[in-house]
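Next, two complexes with chain A in common: one pairs it with chain B, the other with chain C.
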Partner chain A sequence: MLGFTSKQLVGVGIFLFVIFIGVPLIINATGRWDFYFTLTSVALLAIASAGVWLTFYIGRINIGQGAFALIGAYVSAILVVKAGWSFWISLPVAGLFAAVVAILIGLPILRLRGVYFAMITLVLTQVVTLTALALPITNGAKGISNIPLPSGISLLGIPILPDFAGMENTKLAFYFTACIIMVLTYAALYRLVNSRLGHLCRSMQQNEELASSIGVNIAYIRIVIFAISSFFGGLGGAMFGSIAQSVYPSSFQVADSVNFMLNCFLGGLGYVFGPMLGTLVLYFGWDLLFEFGKYQMLIYSTILIIIIRFLPNGLLSIRFDKGGDK
Partner chain B sequence: MEQILANGIYLGSQYAMIALGLTLIFALMNVLNFAHGQMYVIGGFVTYTFYGQWGVPFVLALVMSCVTLAILGALIEKFLFAPVIKGSAREESTMLLAAGIAFFLDAVILLVFGEKQRGVPKIVDGVFNWDFRIIMPYDRILICVLAILSIVAFIGLMQYTKTGRALRALAQDRTAAQLMGVNVDRYSMIGFALGAMLAGLVGGLLVTITGVNLGMGGPTSIKAFMMVMIGGAGVISGAIWGGIILGFMEAIGLALLYQYGDITYLLIFVSLMIFLAIRPQGLMGKPWG
Partner chain C sequence: MSPLLQVKNVTKKYGGLTANNAISFDVAENEILSVIGPNGAGKSTLFKMIASFTPTTSGEVIYQGERISNLKPHIVARKGVVRTFQETTIFKSMTVRESVVVAQHLRAKASLAGYFWGSKTAKDDVTAFEKYADELLEFLGMSEISNEQASNLPQGSLRALGIAIGLATDPKVLLLDEPFAGMNHDETMNMVKLVRSVRDERGVTVMLVEHDMPAVMNISDRIVVLNFGEKIAEGTPSEIQSNEKVIEAYLGSVDDEIGM
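Let's turn to the complex of A and B:
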């Protein structure tokens, strides 16, 4: 069916079953309701990480996703609070706005490669944070707080999405929303990687000059990819702002940008679902280690170092010999 | 105006030293050392412990900072970076390792030294005052001179000793250096230790003025990245220029725009992005690092 092997379909089926039915059941049984917030965050960060992974796919190290997540969060917050838009409309607008910014910034900086691109994107995160502090519309260091919960949507009188404010269990609703967006993101990512554009990206990852010499329009492709990547970033950031009901210039900082990149590395750069696994392990692992109190950071970083020491190609590279699932 | 220039030289000399260590490590191993700021903080804390707490002479405390960081750098290179570089499919994986080490060092600093801001007694008292045109405490002048001397000593080491020649050869072309009989593994380790040592030395010098705290690591790393970018990644003279330029930009910006707060840094970052868009390899770097 659709070119998938039955094994892949079963895998996807199990995955969907686990996140939409398994996880709520387990949380219900154990009573750890706080895990909903953690897992929702994982899903949203995984969306942003998917964008970073995509820029890795054309051979660029992107440490600027925090910038686009922050832009997305602010655009959505401003539209909802100041312009009174519905959150569900502001969400794609936030993503598109981030993509437009990415195109404008990407035009000059995508000519850079290697560490130069990595460092300029790192600086970009700082620029956006400082801009958010300086602009009047973003409210400076006070940020935008008390963002209302997403309101309902109805088409021709039929409710499509319920009003989050009237719900008893917003955590569960946010969890499902985040998971649905995450699944859609990764489906889009998988489709993109296995399309003609994906092949062109792989050619760029290996050698840009060579790709260019046989007629690949590299300038166009890298802008498109960077825009898509930032769209994911803006989407994740906007959703995050809505869940936290507040945005501050410090919501996404350089450390977050670095973490997005680490998620991709940890999961493995050669695998579409690498960033998702990486985010889960890094974020959930950090949360689980909370019980160790002041030793949390020490244990966390030690495990991180050990993983990268013995699996330098990412977690999913354990099954590298079997051919991977690219 | 004289005051701004003096501040610029003072800041620039500190910055240049931080950038030198980072660029050295980058030139030798193609590693972006995210943990550089943390190494700087550890250097500061070692000097604080020896000089501020145990009353050891300041120079000796500085030496201890250097030795600690050199050993730490050598161990990190030998047991972490070298094997990972050999085993990974894409060399960017070292960035994850570097970030992991940054987290780890942060955790160690938190456990060993705590999260409080620490300072040490002044090494020299008094303020230099030239007709109210330049006002600068003597200890700042001393630190500035020490920093410039260390930079000169470092350049001397790189230019005129066997080790320096080997390191430069390694930075230019790893394979060719190996073919010429340079022990690549050994000199990589020495280079990394040297870079870490420089970070420790600056930390030890600056603890006498700004003090030291846990949170300084990350921002220091970012500043160091910027200086390296201005000058061109992996080029020694570029790092020095980058440090001086950033130091002057900060001194001038803070003097002219002090009432607007962080605008200075915003302007610096934006102008840096424009500069890099026009000249991606920095002032004196090789294109496409």
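Let's turn to the complex of A and C:
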């Protein structure tokens, strides 16, 4: 089915079972309701990280995903609060808006390679933060708060999506929504990487000159990939704004952009599902080290250095041989 | 018959340095033409301009009546003029077969969206690519190494892989950059045979830049000689061998030799 081996299908089945049935059961049994918020955050950060991973796939280091997450969050918030749109329509629009911005910014900066591209993207988050502070529509430092919860959608009288405001347990609803979007994101990413576009990306990652000599329009593919990457960023950011019910210029900072990149490194740049695992480990790793108080950062960074030293291909390289799972 | 490719008054200047000065020659269909010259004569620059990897300062390159200089490399490749590189320029972490499959993407009939959703056309494309890759690798005598990672290959096989990648794009003109460099006599002879068969059996016009004189004399129909960015001679191997300007360029003038 869809080119999957039976082993992969079993793996996907177990994964879906765990996130949609296993996790709610465990949380119900233990009563740790706060875990829903944590896991929802992980899912949303994993969506944005998927975008960063994709830019790595064409050989560009992207430290600017926070900028596109922030753009997505603001676009969705403005459309919902000021224009009265339904959140569910604002969500894809936020992603598309981020993609359009990525195309405009990408046209000049995607010519740069290596550390030069990384440096420019590092600045982007700060630029968007400052823009949000300056523009009247984003409400400056006060940001946009009191964003209503997503309302329901019904088609011809049949409810398709429930009204979140009328729910007893919005945490569970957000968790499921985030997980569904994450699964769709990674399914799309998997297809993309295994299709011709993915192969062209790989050829560009390994040698742009040779790629153009075999007729690959490298400038075009770079823009397409950067736009898709930023679409994921906008999507994740918009969802975040909706859950927090507020967006501020500081909602996504340079540190967040760096984390999106670290998630990819940690999980493994050679594996589609690397950024998902990386996000989970990085997010929980930081929280688990909380008890160490002032030594938290020291221990955390030491562990990261050790992992990068001994597992340069990421955590997933323990399980798979090189190029095993694409 | 009009020539397949024409180089017309092509000049390239880098600041004050003239790498190529008003170079003109024609390439006929189905010939093997070598561009030779001492180091720094401007051979590689000329190749880059023909494949549009760098713009010309003045002059133009005409292919089948169309100007192909000062375009983007991928557009020139799509028209059928494809260059190969020296051995370090490969897709390192792909296997030989994967490289040849990916290089065929110009033949794709399905759209990128079709590939994403796995349409029938896309599946047919992939089957056709893989079939042709196997055929091509067999033709080049590379079937045994088709599943090797490119980064693990020895130098000679890397050259052949470069040619395989170039051929996979289905070119009309193939520009080979030093295909014999660093090879011993036997390897060179094999490569000469291979390049000939590319021309004879695939109908590809071949241009090559090369230092290995015996190989060049053996393989070429015609030779263009550059020195200090100028074309100093053009002709058949035997004409070039007896050309005094060429001998002078390679050996230094008689006066220099005896220090007078």
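Keep this in mind: the second predicted complex is superposed on the first by the 317 of 326 C-alpha atoms of A that agree within 3 Å, B and C clash if a C-alpha of one lies under 4 Å from a C-alpha of the other, contacts with A are read in each partner's own complex, and residues count from 1 in each chain.
Heads up, the rule we're going with is that a residue touches a chain if its C-beta (ideal position, glycine included) is under 8 Å from a C-beta of that chain, and two chains touch if they have at least 3 such contacts.
Bear in mind that the values here come from a model prediction, so they are computed numbers and not experimental data.
Q: Given the touch rule stated above, what does A:197 touch, chain B (first), chain C (second), both, or neither?
A: After superposition on chain A, A:197 lies in contact with chain C alone.
Q: Quick check on the superposed pair: does A:55 touch chain B, chain C, both, or neither? Answer first, second, both or neither.
A: So A:55 meets neither chain B nor chain C here.
Q: By the touch definition at the top of the document, which applies to A:242: first (chain B), second (chain C), both, or neither?
A: In the superposed model, A:242 contacts neither chain B nor chain C.
Q: Look at A:116 in the shared chain and tell me whether it touches chain B only, chain C only, both, or neither; answer first, second, both or neither.
A: The answer is first: A:116 touches chain B but not chain C.
Q: Can you tell me whether chain B or chain C touches more residues on chain A?
A: B
Q: Considering only touches as defined above, state whether A:313 meets chain B (first), chain C (second), both or neither.
A: In the superposed model, A:313 contacts chain B only, not chain C.
Q: Touch test for A:218: chain B only (first), chain C only (second), both, or neither?
A: second
Q: Would you mind listing the overlap between the chain B footprint and the chain C footprint on chain A?
A: none
Q: Over in the complex, which chain A residues touch chain B? Could you list them?
A: Per the stated touch rule, the residues are 56, 61, 108-109, 111-116, 118-120, 122-124, 126-127, 130-131, 133-134, 254-255, 258, 261-262, 265-266, 269-270, 294-295, 297-298, 300-302, 304-305, 308-309, 312-314.
Q: Going by the contact rule set out above, which residues of chain A touch chain C in the complex?
A: 2-3, 191-192, 195-197, 199-200, 202-203, 206-207, 209-210, 212-219, 323
Q: Tell me, which parts of chain B touch chain A in their complex?
A: 26, 32, 34, 80, 83-84, 87-90, 92-93, 95-97, 99-101, 103-104, 106-108, 110-111, 218, 222, 225-226, 228-229, 233, 261-263, 265-266, 269-270, 272-274, 276-278, 280-282, 288-289
Q: Looking at the complex, which residues from chain C come into contact with chain A?
A: 51, 53, 72-74, 77-78, 82-85, 89-94, 98, 101-103, 105-106, 108, 110, 112, 115-118, 122, 125, 165-166, 168-169
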